[in-house]
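Take a look at the structures listed below.
Each of the next two complexes has chain A plus one other chain: chain B in the first, chain C in the second.
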Partner chain A sequence: MLPASLDEAVDALAAAPAAVPVAGATDLMEAVNAGRLRPAALVGLGRITELRGWRYEDGGTAVLGAGLTHARMDRPDFAALIPALADAARTAGPPQVRNVGTLGGNIVTAAPAGDTLPVLAALEATVTLARAGASREVPVSHLLTGLDPVRPGELLTWVRVPLLHAPQVFLKATGRSGPARATASVALVLDPARRAVRCAVGAVAPVPLRPLEAEAWVAGCIDWDGSREIDPAAGAAFGEYVAAACVPDNYGAEGAWEAVTEGPTAAAVRLRRTVSVLARRALGRALK
Partner chain B sequence: MTTDPIETLDADPLGLAPQVSRELRPCASYTLRVNGFERPVTDAWIGESLLYVLRERLGLAGAKDGCEQGECGACSVQVDGQLVAGCLVPAALAADSEINTVEGLSAGGAASDVQQALAASGAVQCGYCTPGMAMAVHDLLQRNHRPTEVEARQALCGNLCRCTGYRGVLAAVQTVADARALEAEEAERAAAAAAEEAAAEASAEAGAPVAAEPSAVETEPVIEPPVYADAEAWIEHVPQQPSAPEQDQVQVQATVEQPYGDGGYDTGVYDTSALTAMQPGIPAQVADDQVYYQPQGYPEQPYQATPAHGTYVPAGYPDGHQQQNGYDTGYDAPVYEPTPAHGTPLPGALHDGTPPHGTPYPDPHGAPADGGAPAGVPTTGVPHGATPAHGIRLPEDDHAS
Partner chain C sequence: MTSPTDIGAALQQDGGEGGAVPEPFGLGSSPLRSDALPKALGIYPYAADLWAEGLLWGAVLRSPHPHARIRGIDTSAALALPGVHAVVTAADLPPGPDGLPDGAPAGPIIADRPVLAAGVVRHHGEPIAAVAADHPDTARLAVGLIAVDYEPLEAVTDPEQAFTAPALHPDGNLFRHLPLRTGDPDAVGEIVVEGLYQVGRQDPAPLGAEAGLAVPRPDGGVELHLSSTDPHGDRDRTAACLGLEPDRVRLVVTGVPGATTDREDLSFQVTLALLALRTGRPVKMTLTREESFHTHTSRHPALLRYRHHADAEGTLVKVEAQILLDGGAYADVSAEALAAATAFSVGPYVCPNVFVDAWAVRTNNPPAGRMRGEGALQACFAYESQMDQLAARVGVDPVEIRRRNAMSTGDPLPTGQAVTCPAPVKALLDAVAAEPLPALPVDDPDAEWLLPGGPGGAGDPSAVRRGIGYAVGMVHMLGAEGEDEVSTATVRVSGDHATVICAAVDAGQGFATLARQIVQTVLGVSEVYIAPADSDQSIAGPSARGRHTWVSGGAVERAALMVRHQLLQPIAANFGMSVELLQIADGKITSYDGVLGMPVAEALEGKELWATAQCRPHPTEPLDESGQGDAFVSISFCAMRAVVDVDIELGAVRVVEMAVAQDVGRALNPRQIEDRIEAGVAQGVGLALMEDLQTTGGLLGNPSLTGYRLPTSLDTPEVRIAALLEERDVVATFGAKAVSAVPAVVAPSAVAAAVRAATGLPVGRLPIRAEDAVTG
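On to the complex of A and B.
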């Protein structure tokens, strides 16, 4: 089924709540090919052109359509708008996947290594969930953590992102030089209006994590009115702070025996090193 | 009218698939536009990927099935002008989209310039990734006429090749980009020259300058020779409705019979008349409506089987080349001679071949060959020098006791 407008799609979902809304299908077809999923019906969202672009709203926010592909987000005009999201989209996968994979699909799939998720968490984006005759706004972190999940018959339509007009950085560590799943990713945005640094760490946990204490501490270290420089030692300490906050001591522990041993596991030490380097570099690039 | 048991047998001859109700296995019928042709797909499960439908239902096996996860890029096809992984596209949702596969690259059977460059630059080894590579390179050069090496690498990062590495592919990208740029430049120059000529003629005839229309100038299209000599004789298979039997007799000379029957994987046949016209020297052999055709470039002599071991093969050939075991070696190879049987004296050697077992060794000191045992050694009944048979008491055994 290929509805051409948002209303048709929402009506189709209301008529068949078991149907799966499909945009890029890159995650869905992987599950179908592996035999993990047998969809009862498909509602294709590829024809809904209104969801494939973005618009601006008063108050300095951009409203991104859920059907925005990663390839579209990679283009220079979008990169000038939200650079961290463009960086995340650029590294999300090979061209074959980026050409069809969408922003909304990335949020709804909520894969731990989803590259746009830490950026959206750091930007404190909100999403619009539409259903027949109604719609509601949910913070993206509530959606990802399951505080306020997508209900049957609902469709993720818009992603509301604040335009901060400040440096944003997305960094990602992978197992190889080509496109690959992130072992850890860090998104860091500056909010000069509120004098805040917002940081999110992806791929180390099922949802992106926000080290709130580290953010508040490092925001106090920055000279916001001057040259926005930071002592390199403070940057390194910020990295350690973020890593300690996001990676628990028993990370990667298999079973109870390893969990009760003293000190962090080897996997935790390794991952903390990765995260701390990513966070330090992200802060350094944002303040450069 | 067919009965139910026959239908189920046809659908599943081994009876392996369990009977699934329609609610658990929702199906759909749709039409795909593949390489400009409308291809109907009937009653296909909605979870089937575009790759599966192309390969298994439409018989277009160019896109390969590597990982089914979008990692390898062997299944790359273009949907609405965008390069996608065919295994990650639900075929039912690609209905009415413009789908281009690697079969569409080689229009009329001739390989496209990308494919020729890939083959020429050694980018093909096992060939499994090559259709995806060709699509990726094609897609890259459509969007970017002069890609840098970094851009080419980024465009090809979704195509995994475990045989050759990517050096050959990158070389092919540069080759095609250079060739296309040269072609475009030449076409531009030719158009400019023709426009100038037309303008000069017009001004000479009319006496007034007339603006020449560049669109009116017809540039001769560059006709490249097909890679395969028989490419022009290939008739693309067009699915036809089964006709009434009395019309069959009329249609025979107009259409070529389908060798695999209706609905098979037949994709085309060779046109006999075109083949003989193209290759006058070699008659096409027609048997049972199937055309067998021997391409040029092979020796026209009949096939010679490899001779058995020990067979004598004539050494020289009238054209000066050496012919060995039926193959033209092109150089003066040493003539093979069969190994002589055991015991045959070699012509060049001084010694007379290995003697058969039990033959006494010849004594180099001139001692008598047989029965000439030295005094004091008891005779064992075995000629001196030869290995005694088992169980025969040797003189050395006396010292042991």
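On to the complex of A and C.
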């Protein structure tokens, strides 16, 4: 099924509840090829042009279509709007994949290393889930944690992101120079209006993690009215604060229930070092 | 960059249309490989594209355990599934000597690896049963319905435990122990450096996963269409496993995607043949990427403990080493890899006193096998790391310590064999050391620098350190320790073209291109067809150890020379001069003075001329109980200088450039040599920095191309060819040496040396993980 509008698409899903929506198919086909998924029918979203762009809403919000491709989000006009999302989209796989892979697909797949996810978490984005005759608004974090999942027959249509008009950064550590999945990533956005720093760490847990205390602490170290400079020692302390908050002592131990007896595991020490460098650098770039 | 029009033109040329640009011709020129463009354009037919009318689909059930007893297998539910035509297990293969199913064990040296597990599984992913069904989904569904009653057993996954663990196989856990003793055990040097080195598990990860088609024959035999790299060996072993005469099995080589190892595992092809024989229908099987990681052999993980003694100037006095190769569950070529590791344990250096103990052992890890420079690569990492340590201790630079100890032609290996082939080790080192260095970011701040971690990555220029490292290494060519090396080729000339029939498989090493060049040079005809390889042709042997340039190239040359003689003799008689005074060029025969001449086509008078010839290099002998013997036919050498940038906070490494000097004997096709060097560098960089097939308790952790990271084009460095040294190897065909393996052997050690230089860290493990390159 290849509906040409959103209404047709939700109707198609209502008529065939077993059908699975498909956008760029970069995740879906991998699951099909590996035999993990055998959809009874597919509803292709590629022809729904309205979902492939974005619009603005009152109150300084951008409403992004779920069908925006990574390649599109990487273009300068979009990068000027939401720089961290553009950064994430730029590194989300090789060009062939980014040309077709979409924002909506990235969110619904909800892979631990999904690159847009920490950015959306840091931006406190919300998503619109639409079904025939109804739609609801859900915080992206509720969707990712499974608190409020996508229900059968629902389509992710829009992603609401506040426009902050301030620096924001996404940094990702991988095992090679070419495109690869993150071993850890950090998204960091400044919200000068609220004098806040918001940060999320990706790929270290099933969902992006927010180090709320570290955010509040570092926001207090920034001279918001002046040059927004920060003491390098505070930057380094922020990095370590974030890492300690997001990587548990027993990281990588056999089974997370194992009691921790002697401090952090070697894997935790390594991952914390990476996260801490990423967070420090991200803060440094945002305040530069 | 090649523009689309260039590609179109080149394709036309390739089709024999004869474009405006004359095709490069003969030895020493650089024609393009005939499969290069189809592969780049995605139109090359791979084995997975095969089709036959009415075919069935095969699928394999694999062990989820690294070690377990099989108490029973119930296939009834699978057989009852509509669309299933056959389910086979070890019980369907010819029984063992005691009349009980033994899974028809086979192997390249020792027949110890069952086609389908009988009674016990010894590694994760070992095949247990197979299904043929009318749809691939049905086949996989049926596989899921086979009920196996396992009794999990303790898995032995630490090679050091293999010595004392209960036997994992009736043959025991020791594949081979090779002691090497030469010189004075009590010799001591003023300077002693020690190290423990570790090499992880690299996978060949061929882009084309295993695939093939089996077609039953009316005579009760079977025809296999596979991307085999050893058609006769695979035919013979398949026939033996099925209890058939070899001539009942025909192996047609198709769609080889480029191989750096043996292509298919035997179990795959025997199972395919068995299903076709069982059902009387063609059967096709294509493995998933995950299965592919499970089924083919990987590089031997290794543990190497070294102690070098040297005098105050750094001249080697004594080398002591213990080498342990993890062969995994089955023997494969572990014994051969161990011989290379032992014989080359000191590297291309002279040392009078050498004491080595080397072992290859069986574990419940995935089986290890052939992979460019098996054994030689692991040793190279250890001895080159030791040389770096020694240089630091003596206080000289790494090139100088290597020059002081470098071997030359005539020097002995620790096995007692004199290196009679060219050994231009010093010249290679000097060539890479003399190359200009790539610019530093500080010298060119305006350029866009690709930082470690890649474009858009987290790299920070202030944390990036540059390092320069050197390595030199060696590897033998052709089979070792008494293996019979032989190849056969037929050359035919008719009209204005020639045909080569030779079962040597072009697995990416470029043999087809080379064979064409040889015939062009000897017979002067430009149109040369290379017949596809199959097992009905005469034996050429496997595509491994860089042997085809020598043995099959030699056979092609001899056959072509015989044809030339047949062609020229009557003309020479006619002209009243000897054959030696005639030459062939551009399809014409001319006398030495250019006075007399005649087109080749006319000289043939409509006849076809044929000749078949063999090439068999001089024999070698096995290493004796103290590791002594003339075990190798010849050796090739290579030196590299690696330049790396390391983000010392994140441990991200990018190889900026590799300068390479290689001993090639004679450059028969310079472009192809450079391609092979680039391929070796890419594979070596992969092993050095990212390729690591992980196992936990014998279970594969990352059998996918997302989990198993291969180097991308952004990870492969600029390759600068400093020199292709052409010192002829007088006993080799055309004086040429094999070129593919030695760059892969040396590259990882050069990268490790450069990371050491950048970080000041010891770097004793390959691949180098991020945490191994983080300072402070």
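We take it that the second predicted complex is superposed on the first by the 281 of 288 C-alpha atoms of A that agree within 3 Å, B and C clash if a C-alpha of one lies under 4 Å from a C-alpha of the other, contacts with A are read in each partner's own complex, and residues count from 1 in each chain.
In this section, a contact is a pair of C-beta atoms (placed from the backbone, for glycine too) under 8 Å apart; a residue touches a chain by one contact, two chains touch by 3 or more.
Since we're looking at a predicted model, the values are computed, not measured.
Chemist: Could you tell me if A:R273 is touching chain B, chain C, both of them or neither one (first, second, both, neither)?
Modeler: Only chain C; A:R273 stays clear of chain B.
Chemist: Pick one for A:S227: touches chain B only (first), chain C only (second), both, or neither.
Modeler: neither
Chemist: So, A:M29: does it touch chain B (first), chain C (second), both, or neither?
Modeler: In the superposed model, A:M29 contacts chain B only, not chain C.
Chemist: Looking at A:D87 after the superposition, I want to know if it touches chain B, chain C, both of them or none. Which is it: first, second, both, neither?
Modeler: In the superposition, A:D87 touches chain C alone.
Chemist: Output check: A:R281 vs chain B and chain C. Expected answer is one of first, second, both, neither. What do you get?
Modeler: In the superposition, A:R281 contacts chain C only.
Chemist: Contact-wise, after the overlay, does A:N99 reach chain B, chain C, both or neither (first, second, both, neither)?
Modeler: First partner only, chain B.
Chemist: So, does A:A41 touch the first partner chain B, the second partner chain C, both, or neither?
Modeler: first
Chemist: By the touch definition above, which chain A residues appear in both interfaces, chain B in one complex and chain C in the other?
Modeler: Shared contact residues on chain A (touching chain B in one complex, chain C in the other): 33-34, 38, 94, 178-179.
Chemist: Which of the residues in chain B come into contact with chain A in the complex?
Modeler: So the residues of chain B in touch with chain A come to 23-26, 46-47, 49, 68-71, 73, 76, 79, 82-85, 87-90, 92-93, 95-96, 136, 139, 154-155, 157-159.
Chemist: List the residues on chain A that touch chain C in their complex, please.
Modeler: Touching chain C from chain A are residues 33-35, 38, 87, 90-91, 94, 171-181, 183, 270, 273-274, 277-278, 281.
Chemist: If we count contacts the way the header does, which residues on chain A are in touch with chain B in the complex?
Modeler: Spelled out, the residues of chain A in touch with chain B are 2, 22, 24-26, 28-30, 32-34, 37-42, 44, 46, 71, 93-97, 99-100, 178-179.
Chemist: For chain C, which residues are in contact with chain A within the complex?
Modeler: Result: residues 137, 140, 288, 290, 450, 452-458, 460, 649-650, 652, 654, 689-690, 706, 709, 711-715, 770-771, 774 of chain C touch chain A.
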